[in-house]
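Chain IDs A, B, C and D follow the sequence of writing; residue 1 opens each chain.
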Amino acid sequence: MKSPIPDYLRQVVENARPADSGEVAGYIEVLAKADASKMAVALATVDGKMYSAGDDEVEFSIQSISKAFVYALAIQDTGLPQVLEKVGVEPSGDAFNKLSLQRSTNRPMNPMINAGAIATHSLIVGPNATAEQRVDRILKALSRLAGRQLRVDEAVYEAELKDANRNMGLGYMLKAAGIIDGDPQEAVRGYIRQCSINVNVRDLAMMASTLCNAGVHPVSGEGIIPHQSVRQVLSVMTTCGMYDAAGDWVSNIGIPAKSGVAGGIIGALPGQVGIAVFSPKLDERGNSVRGVIMCEKLSSDMGLHMMDISQVARATVRTSAMTITGCADQPHEYVQEVPIFDLRGAVRFAGAERLTRAIVHEFSSSDTEDPGSGRYTNARAVILSFRDAYSLSDVAQRIILENIRRLRAAGRNLVVVDPTRVLKLHGDHVPEDNALRVVRDLAEARRYIGGTGCRAVSYSDSW
Amino acid sequence: MKSPIPDYLRQVVENARPADSGEVAGYIEVLAKADASKMAVALATVDGKMYSAGDDEVEFSIQSISKAFVYALAIQDTGLPQVLEKVGVEPSGDAFNKLSLQRSTNRPMNPMINAGAIATHSLIVGPNATAEQRVDRILKALSRLAGRQLRVDEAVYEAELKDANRNMGLGYMLKAAGIIDGDPQEAVRGYIRQCSINVNVRDLAMMASTLCNAGVHPVSGEGIIPHQSVRQVLSVMTTCGMYDAAGDWVSNIGIPAKSGVAGGIIGALPGQVGIAVFSPKLDERGNSVRGVIMCEKLSSDMGLHMMDISQVARATVRTSAMTITGCADQPHEYVQEVPIFDLRGAVRFAGAERLTRAIVHEFSSSDTEDPGSGRYTNARAVILSFRDAYSLSDVAQRIILENIRRLRAAGRNLVVVDPTRVLKLHGDHVPEDNALRVVRDLAEARRYIGGTGCRAVSYSDSW
Amino acid sequence: MKSPIPDYLRQVVENARPADSGEVAGYIEVLAKADASKMAVALATVDGKMYSAGDDEVEFSIQSISKAFVYALAIQDTGLPQVLEKVGVEPSGDAFNKLSLQRSTNRPMNPMINAGAIATHSLIVGPNATAEQRVDRILKALSRLAGRQLRVDEAVYEAELKDANRNMGLGYMLKAAGIIDGDPQEAVRGYIRQCSINVNVRDLAMMASTLCNAGVHPVSGEGIIPHQSVRQVLSVMTTCGMYDAAGDWVSNIGIPAKSGVAGGIIGALPGQVGIAVFSPKLDERGNSVRGVIMCEKLSSDMGLHMMDISQVARATVRTSAMTITGCADQPHEYVQEVPIFDLRGAVRFAGAERLTRAIVHEFSSSDTEDPGSGRYTNARAVILSFRDAYSLSDVAQRIILENIRRLRAAGRNLVVVDPTRVLKLHGDHVPEDNALRVVRDLAEARRYIGGTGCRAVSYSDSW
Amino acid sequence: MKSPIPDYLRQVVENARPADSGEVAGYIEVLAKADASKMAVALATVDGKMYSAGDDEVEFSIQSISKAFVYALAIQDTGLPQVLEKVGVEPSGDAFNKLSLQRSTNRPMNPMINAGAIATHSLIVGPNATAEQRVDRILKALSRLAGRQLRVDEAVYEAELKDANRNMGLGYMLKAAGIIDGDPQEAVRGYIRQCSINVNVRDLAMMASTLCNAGVHPVSGEGIIPHQSVRQVLSVMTTCGMYDAAGDWVSNIGIPAKSGVAGGIIGALPGQVGIAVFSPKLDERGNSVRGVIMCEKLSSDMGLHMMDISQVARATVRTSAMTITGCADQPHEYVQEVPIFDLRGAVRFAGAERLTRAIVHEFSSSDTEDPGSGRYTNARAVILSFRDAYSLSDVAQRIILENIRRLRAAGRNLVVVDPTRVLKLHGDHVPEDNALRVVRDLAEARRYIGGTGCRAVSYSDSW
């Protein structure tokens, strides 16, 4: 059987093909000669599956899309606070090729405008590095992200260098403003060279997917970008990635993105999928006309807008019970009801809060200030299951441990089903002892609570 | 047993208390006389649970926080395209009390600056409505959101009206620019009155929580704000809610928010929790000093940053199998292995893609171009379970239906376990017939596939 | 015999007539209905002669031209320092209807943009005056300047009031900025009413001519605008009178000017002539198309550019001598040579310096460090003639008195011919005594030096 | 006898000495080490007399003062229209080191900001000239203006070149904007070198004086700057010479001026005197603190404000008559009254108009529409005297010739006393014949009218 997803991507391409407006970037001859009929789209999932359609092997220069990844590199090489001293994070409201320095700090407004990108580039390796050293570092990092060896398009580089007066101007201005420490000519040459690296949509989708996967490469499993940098890069792509249309892009498309003047656009949907599109003709803002249409289609079809409620993890709590009976070392009539609180999904505040509420509800009698069912007022043991929880945030961790402390203080035994140990007991000094036991599954829980000879019957919603 | 969450919130309050800098808004006497020692925080979950700490009953004027909700109302009263004609969605980069009209369209940059908020207010009810009519509409809506009858603080209103010259100036400018159709004095009076509505943090948290819950009130279950408006409001809060520090707020706090000059701030975490904080002293940007600290603490503790990967729903696919045997009308040795594909969570592209991959994997033999396990190459029936899927996006729907089509074309019977009918078969003209049956649970699936006399044994990871 | 000047002005009108581009101000109906074929020009000399051509009796509203005169009135009513606290003098670089407040002071940039003109208007009479009181004051002053009773065009006033939203906006903004003390509505209403005063080109030329004549009305001789205000008004007209084209206007036309949206323009050539032109169609800057052409023609033909060297007064010094002889009480051979230094024109530094040089030259012998002719080394008396000097600046006064002191210290008698007493002796405590005599003409000088019986023969350049 | 003017200048210096605020330009070490106690002032009259006081031999770098003269050179080398294509004439309202390009044309706003000055420099010699070639041209021109060989201060040049990042930035920006045609590095190096030329106040005063003298060097008499360029340079100095305080400077000081960061300021008073002051400490706008005070004192004392009415030439007309009698070939009782119209000063429109009025008045009888004295209704001859008129503008020329035509048409003989031929008859084809005779003095006029034997008696105001 064949997957329908490639067919879907072909539809996305064909849906955008009739949009023939816009112009190929004409400011340098090499770009102006691009074949305007080429179109491609690629998706890479956070677990490494790649789908693509159209001219997915056609190479083009990465241009401004490199800014996002070089920003991540700069944070890695220099440290976030040091980067923030040199480049801000605010949308500029101006065109991408304006100087746009912040009044009090002299910083370029953000790393996605040219001035900010040149400043960011100058932070790679070190202030006195040559253009070649910096581009070598960048080329290696982008190649690891793409999963193959990339190379600089020398024709593009030479052509853009000839037309680099405005960027040279920005470079000297940044030097004068104390933002660039080394030679501005080296910084600008390196920046132009970084923009001249050739990629195809599959490369870009894989690079974007690494951002979506918290900086870990989906295929190689290598941690390439630190988690903190990923958050920073995605935040800046959200507010500044699409030039002076940040608000418009956020409300319409709603995904962190970055476009380049050769016709590429990437989108990064955290935790899900990296996307890349390509088509050379640009609108008056410098974004690929068909590329934007493809992104709109993908965002709308896929429900990717980050403000769509359905996107957000809804950790759930299921309350059930295990009835333990027929134990060899207990009277025949022995029946013990053990409540089970089962957390599922990515548990953050909301999930921990729901767990708390469920516990309070089941253990509070109906005549209290905050009345509950009181069903398990007398339960001696409680099972918390994290089998289906794939993460616990800090605050969730703390709230859950506090619940455990309070249950123990009330004299109950706790059994935690946590085969992958998402709950960190030792960080908060909760001793694992007779009153708190971590087990791998419910059978083990049953054995621990009732003894080896008992049977357990679940009343809950299993099949 | 007591919930630890109120204790946590008390810590959030006390953690911020030492920050004594900033100044109470001094431009009108009523605000200047506010008791600067008051502090409060409240959380309201999307299922209606409220937590709060500090001076949670102290009332203060809602001020600019009203802008977010009145924007939602304007979209409802006038339609999003009409609202967008009058008010943009871009961060202005300027102070909140600047005119900031967009060059080509004359629109105020966004609805969170005063000019945009006055224009937005004028769209409530209709162009020739009086201030009283508009505020009546707004007061009713905000009261429904808060879950109690709110009222205008007449002293604040009178005082602000006396000092309304700048806003009156904006009103007349907007009239001159063709943005306001009716009387600018009425629009400004109404806007000031809207800002003078009194609330406490519990009211605000409940209002924010309704935004987080896709516009449905968490307690009353009433749909107050249409889903489309919610997305728009949250998008604009993301890029423009915290004045000229959009980028800074997005990268540091990472939650849609809005602040008011009386010291309140709301944050809305889609799908999770609405938060509200209060403390009268403001920083030089006009945001509550302690309020910002409380928000930072909540965001950091709770892992609420929207670019944090862990926040995003990861729909999962579990592959298992049902072994049907011992059927009355079959030979004794009869054993049928039926693969079960179980989708969980909010299924969007990534989830549907994973399902596709799992199906392709199980049905493709190892010698094909895209080699699989080939385990179920000969399976006559397939079970798809949506019991734990709580939503399907459009693209997921389409991909899954395409999978169903292809499985049917290959001669297999499909049984869909979908008690709440999240899969819409009829929209895409997939006939429900003998080859495609929708059932409520696995037992029914078993009966359908094997007949009433069979038994089924699951090999999968149930307990 | 007939004067050729009216013929010349008719040529100026006809030369501009073919320029048919531009549009009548369309924002209010009354202006939009103006007869676009009307054209006129008028010149008023500083001694009260009026010339005009074209539709010189057609009335139109004065509009922004009033700003120059109301600025003068505000200085008179409030004092220059107080006016400067409220309104600046810098070109704004922005359109005339922008707020354009200076960053540190909140002042509108200058009194020629609308915001500055409204602020200026509010300084007339007093902060709490009504629109009517202020316009009454302005109407009286403008009528005195025009030399006839002017009146408000009520139709224009009513129409502009209906369309006054932008100006109302400016008014409230100014109130908010602390620039306007009273009611902004009254200020704006008054400002609009001031703009609705009807004039014709002859009125305007006479008003401009008063500016050229140091504030003294050329016909009535009445001092209407204090000298200090005139200088301030002309300075501001130079840098801000023609909106955002100050530099262009100064380099091309080079005369202080002010235009109005009804099609009038005035130019004021200090010491020479006030000009006024009228034609309703405006260019995109809001200046009368044909009006600008007429001004260019007048400036170019008349050599009126203020940076043209020939325009500047060149006070001259003529050195001659009086030979006194045939005196009754002297020996027959008695001949006394008395040098005469005759200053002509407006004597400022350059003239006084030339006088000094001439004196030093004539009294120094050829063998000194700064060698001179030494012709009058032995002269006992010296005549200084101010008969043809029509003014002495302060520094000229001081330099000349210092020369007198030094001549007296050298033992020479001074006779000053100064029938109109332009030289102020007493201000600097130079005693008028036997050694310093002020006389009315040379005959009296001769009598004083030689005695009544002498004869004098001039060797100098008389005919 | 000694001139009091040097004493006056010493007072100007001492009056400013107590103002000890401000800072020496600290951005490069060579300037920072300047001796802040040095002060000087110099005046150069348009006829070549130089006065100075203070440290008038101390040299300092010319810095931005060079901009005014290089602008004049660029007009000469390239033509005014070509210069205007590249550099505007509007005040920028921004700091001098901002790019400040005009929106539609990309031109720097004016030649007095750095961007405009670099663009202007690049127009010297030609687009592909080297820095050395351009500076050679500039150095020669400035040396001719100063009247002595100037030289570049190599230490200042080297130091400024090291700190030239901002100007290099501007250079590349200008290249990118299409304003500079050649190598931006050469243009910036040349500009910096031009700023490093050393001068003292006497050099600067002489250079300014050449501007005041219509471009003709006051001492050498050499025409260095074309008249048209002088007007343009003075206009731009008026509106843009003192950075962002154009309006303030025009209304307070009222003289075209330019300042430099080494502490020099020049002022140019057309037709009168060039001034230069020097003191290294600068105010926050970059103007010499004591230099400004000295300029204020000079302007105020000397009545140099260009809007002061008294500054303007007031050509005058004196009407008298010559009575011719006692002619040998006439009857004994023969008496002929010949009116004499005597023009004095720089005659432009106002003077010609006054002449016209006088003629019309004397020849019109009292019963006409425009009634006159009618005194000379029957005069057969008329004398026009230009003996004391030192210039006639075009329009004056035309009006006077038109008067001559009309008098001739009325049958009167014209005798023009015009020893220096200021009246150009032939340009307008007015034939010199029996009815129109040009003579050198009144005696010759008398002989021509009455014959050689007559006597003439003047009734007019001679002594």
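FYI, a contact is a pair of C-beta atoms (placed from the backbone, for glycine too) under 8 Å apart; a residue touches a chain by one contact, two chains touch by 3 or more.
Please read all numbers here as calculations on a predicted model, not as lab measurements.
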Touching both chain C and chain D (chains): none
Interchain centroid distance [CA atoms averaged], chain B/chain C, Å: 69
Chain B and chain D: spacing of chain centres that average the CA atoms, whole Å: 72
Cα-centroid distance, chain A relative to chain B, in whole angstrom: 19
Chain D: positions in contact with at least two other chains: none
Interchain pairs in contact, sorted by label: A-B, A-D, B-C, C-D
In the complex, chain C residues that touch chain B: 99, 165-166, 168-177, 184
Complex interface listing, chain B residues touching chain A: 1-5, 7-8, 43, 45-47, 49, 51, 88-93, 110, 212-214, 227, 230-232, 234-236, 238-240, 244-248, 250-251, 254, 256, 269-273, 301-314, 344-346, 348-350, 353-354, 356-357, 359-360, 363-364, 370, 390-391, 393-396, 398-399, 402-403, 406-407, 410, 441-443, 458, 462-463
